[in-house]
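Reading through the structure tokens given below for one structure.
Chain IDs A, B, C and D follow the sequence of writing; residue 1 opens each chain.
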Amino acid sequence: MRRKVPQFVCALFGILLFALYFSSHPLARALSQLVLVEYWQIIFAFTLLVGVVSFLKVNLKSIERGEDRPYRIVSLMGLLSMPIVAFFWGIKGGTPFMWIFENIQVPMQSTVFALLAFFVVSASFRGFRARSVSASVLLVSALLTLLARSDVGGLLSEHLPVVADWVRNNPSMSARRAILIGIGLGSVTTSLRVIVGIERTWLGGKQQ
Amino acid sequence: MKLESRHWTFFGLAVVVVIAMLSGFQPEITVSPDTLRMHEYIESLPEGSKLIISFDHEASSLPEIRPLAVALLRHAFSKNLRLIGIALLSEGTGVGYGLMQQVAAEYSKEYGVDYVYLGFKPQYIAAILSMGQSIPATFPEDYVGQPVDQLPLMTGVETYDDLAGVISVADGSLTTHWIEYGGGQYGVRVSAFGTAAMVTTYDPYLNSDQMYAMVGGLRGAAEYEKLIEIGGSGARGMLAQTCSHLYVILLIVIGNVLYFVSRRKGRSS
Amino acid sequence: MDISTLVAGILTLAIFTFLYRDNPIYKMAESLLIGVSIGYFLVITWTNSLMDLLFNPLFRDGRLALVIPLVLGLMMFGRFHKRTSALSRIPIAVLIGSGAGVAIPAMLGARTLAQMSATVSPLVTEGGGLNISSIVILLGVLCTLSYFYFSREHRGVLGQSAKAGTWFLMVFFGTTFGYTVMSRMSTFIGRVEFLLSDFLRLAN
Amino acid sequence: MNISDATERSIKNLFVAHRCLSCDIQEMSFLIILILSGVEADWFDMTRFPVLVSAVIAFAIVFYTTYHRKSRGKHKMRQIPGLKAVEEAIGRATEMARPILFTPGWGGDIQRPTTIASMNILSHVAQTTAVYDCQLVYPTHDPVIMSVAQEVVAESYARAGYSERFREDNIQYVSSSQFGYAAAVDGLISRLQPASIFLLGTFEAESLILAETGNSIGAIQIAGTDSTIQLSFFIVACDYTLIGEELFAASGYLSKDESILASVRSQDIMKVLIAAFLVAATIWATIDSNSTWWVF
């Protein structure tokens, strides 16, 4: 029962949604809407609550044990402050909720993102070595793109940007296309296996 | 304080970019065919055409997204297109609203008539599919809580068929969902203003005409600014962009020289 | 300087300290970021999903059918107790099943079939010359597909074409790397612009 | 308002507002009449016929490779270099008595096949860590993935016979925000100093932040993703990278699950068919440039 019921539900929804794709009848569309919009979002919202509770549990336990206490407290305060300010002042523009978002969350997120520029630099320095033929191909095409997309490219040779564009639109695009097709096939087979119940990892893996 | 080689490479980048930014010099740039195609597309739309501008990005990529979005909005408003703003990632919501209001004010556009902002819908795939059924049902109210049927711009807007297209302003692969679900299932014309990182991801879709046009990155923004003849932060960052590219190229070259030297030493010893 | 810029500026610098190495200032900023971002997401999901889609229509407008997703959602709470934890598999089954059902046609139609069609084009131009682009694209797709052929060792013809496939892949990765470097630099430039002009007021 | 307008409006009101299960009795009865009277509405959308045909072919191939007696047990697969590395990485962590960090990236959700493939590998990794009592830490951005991963790891520990070693808290939800997640995982990497890091799943921009931080602490890193952009970074920054579909194949290889191997085989058959289609259609297009039968 612990596996059969969820497996049945999974198959039911899988077959239903697959079949609905082929119909443009309003009823079919309304039904897929119902599942995709309402069911998905509502279930997801509840799982988020489960996630938040688990996060609280992990942090409270750490605080109890005295591990990283100040940091855990800051995390919890950050987490609790958002619902509290949202409850009292709402979440539209100009509220404390948006202030925290715009002046605490966004700058920090953008900066974590900006760290990438540095990691790109160190990775280029360390990892981009012409160790083999294929590594050299990687290197040359990266250098070509970088040169062509900065203004120096055009100064060195007017053909450089043209060559770079050709490489991007032909050999590079074709490899990406093959990856797309491959992943598409992988997704189709995995999805099918999930629906018919061959793939059960999500239920905890192979049966004992 | 123990510094490793990576710390020096970090430091070098900071110096290069800060100096380039402080110099304030703006290099002359050439416009790429991709950017030109997008410009021609917007130019070709008749006045009053309705477009969805979807802010599909996180707040963290704002430095790259803002110049792109501003260039797009300036062009669209100057061509008197009617814009319907939405957001499919929650963090883009406030950003999109702010940008639309700001650029609309530059062109004295009126909310509800020339542009509306419908706000955020979670679960993007579901939202895209749902809009194919009915836009007003997906967004019964706009961002500020007015019922959509009271907005003059929204009269006659039922599904994608009533629009000239969708332009996704994106920092990730969300545009792919617009293409595969919006374009694939409902035939809406999808274009994108995306971060440079996404350019190669979209190439096969551009090639297969599943995506109509694309402008990518700060560089794309600078090119677009040049086409619409209004300067912006795209152009301001171009020198720093070029210098940082050269810096990366230099590091790759140095890294390889060191590699070959050490390999030769290893062999001779 | 207004308080917003000051806070944003200090937090920006706090995150940048990670470049040297992990340290208490970064840890503090990181903890705050994690907490606030979960809180933000929680509030947004609460208002957009639970209130707008569930509680308001169910309790205010009396759409009783919404009891189904409500019950499915509540089953997730089964996880909090060992004996009821299997209940949570049912809502997960709804997500996984319907996701799989939607994915099959979407992946076949928009991805596989559309990309196949786009690869087909004449190998000679109207003037009678060879159409280099078409040839390269066709070869690229075929060779790369052969690299992803797992059922046989890559020897002989398959080995050759798989090898060519890796070159096409490397060209793609190189180009992508180039474009992504561009993108990452833009983001950093944006942060520098903020620090220089808004926070430190050194540039306009 | 004429009848057809009324019908159309009513349909829209009924369904499009996706309230079909809660509409009032009057509307509902109207709907039933509508269906019974066979009002023109496409139960089957002909434009989607090619997708149906291709789906049927794909299903047939998958079922053939999975269930056909002769086809079973013949699933040989070529070596994938990253695979040996998986075992090495687990071995290294147990030898050094340091944790293993496994994360599925920020970009995926549980419905995504990559996530499922990643779960398969997680299951294998967890079984080994259970035996050697090596700490396995799994941060994720998605609460659903967290729930499923907890189940998968708990079952793996049980299968290995060490249920008591399983720590649910090691599989944690750490913020759904992309860079909140990245900062959190970065912090974990810096503090736990794992010996091995598995970055398997759907990654976006956070990929290089994680990979470079992992590199700076000297961990063995194995990456695998279908996110094509991030692959270039993983290739540069990680020790081993599973490219796109290799991730699916790897999950079959490691779990020795006959049915996953069968599905890898079925994808190979589809690839051969696609290649044959491309060659045939291209020749046709070259000879007869007006024909377009290959456009779906």
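Here, contacts are C-beta pairs under 8 Å (C-beta built on N, C-alpha and C of every residue); 3 or more make two chains touch, one makes a residue touch a chain.
Everything numeric here is computed off the predicted structure, so don't read it as measured data.
Undergrad: For which pair of chains is the number of C-beta contacts greatest?
TA: By contact count, the leading interface is A-C.
Undergrad: Averaging each chain's C-alpha atoms to get its centre, pick out the one most distant from chain D.
TA: Chain centre farthest from chain D's centre: B.
Undergrad: How big is the gap, in whole Å, between where the Cα atoms of chain C centre and where those of chain D centre?
TA: From the centre of chain C to the centre of chain D is 12 Å.
Undergrad: So, what's the distance in Å between the C-alpha centres of chain D and chain B?
TA: For chain B versus chain D, the centre distance works out to 27 Å.
Undergrad: Taking each chain's centre as its mean C-alpha position, how far apart are chain B and chain C in Å?
TA: Distance between chain centres: 16 Å.
Undergrad: What positions in chain C touch 2 or more of the other chains?
TA: As it turns out, chain C has residues touching two or more other chains at 15, 18-19, 27, 30, 33-34, 36-38, 40-41, 44-45, 48-49, 66, 76, 79, 88-89, 92, 95-96, 98-100, 102-106, 108-109, 111-112, 114-119, 138, 141-142, 145, 148, 169, 172-177, 179-182, 184-185, 187-188, 190-191, 194.
Undergrad: Could you check chain B for residues that touch two or more other chains and list them?
TA: 6, 10, 13, 58, 60-63, 91, 122, 125, 130, 133, 196-201, 204, 207, 219, 241, 244-245, 248
Undergrad: Among the residues of chain A, which ones contact at least 2 other chains?
TA: Each of 18, 21-22, 29-30, 32-33, 36-38, 40-41, 44, 47-50, 52, 55, 101-102, 105-106, 108-110, 112-118, 120, 122, 124, 126, 128, 138-139, 142-143, 146, 149, 168-169, 172-173, 176-177, 179-183, 185, 187-188, 190-192, 194, 202-203 in chain A touches at least two other chains.
Undergrad: Enumerate the contact residues on chain C facing chain A in the complex.
TA: 4, 7-9, 11-12, 14-16, 18-19, 27-50, 53-54, 66, 68-70, 72-74, 76-77, 79-80, 86, 88-108, 111-112, 115-116, 118-119, 133, 136-145, 147-148, 165-182, 184-185, 187-188, 190-191, 194
Undergrad: Give every residue of chain D touching chain A within the complex, in rising order.
TA: Interface residues on chain D, with respect to chain A: 11-12, 14-16, 18, 20-21, 31, 35, 41-45, 48, 51-52, 55, 58-59, 62, 66, 110, 112-114, 116-117, 119-120, 123, 142-144, 146-148, 151-152, 154-156, 158-159, 169, 172-174, 176-180, 182-183, 205, 208-209, 211-213, 215, 226, 228, 232-233, 235-237, 243-245, 248, 255, 257, 259-260, 263, 266-267, 270-271, 274.
Undergrad: Considering the complex alone, what residue numbers of chain B touch chain A?
TA: 5-6, 9-10, 12-13, 27-30, 32-33, 58-63, 91, 94, 97-98, 122-123, 125-127, 129-130, 133, 138, 144, 196, 199-201, 203-204, 207, 219, 238, 241-242, 244-249, 251-252, 254-256, 259
Undergrad: Taking the touch rule as given, give the residues of chain D at its contact with chain C in the complex, in rising order.
TA: Checking each residue of chain D against chain C gives 19, 21-22, 48, 50-51, 54-55, 58, 75-80, 109-113, 144, 147-148, 151, 174-177, 179-180, 183-184, 186-187, 190-191, 205, 216, 228-229, 231-233, 235-236, 243-246, 249, 264-265, 267-268, 271-272, 274-275, 277-279, 281-282, 285-286, 289, 294-296.
Undergrad: Which of the residues in chain C come into contact with chain D in the complex?
TA: Listed in rising order, the residues of chain C that touch chain D are 15, 18, 21-22, 26-27, 30, 33-34, 36-38, 40-41, 57, 62-66, 76, 79, 88-89, 92, 95-96, 98-100, 103-105, 108-109, 112-114, 116-117, 119-124, 126, 134, 138, 141-142, 145-146, 148-154, 169, 172-174, 176-177, 180, 184.
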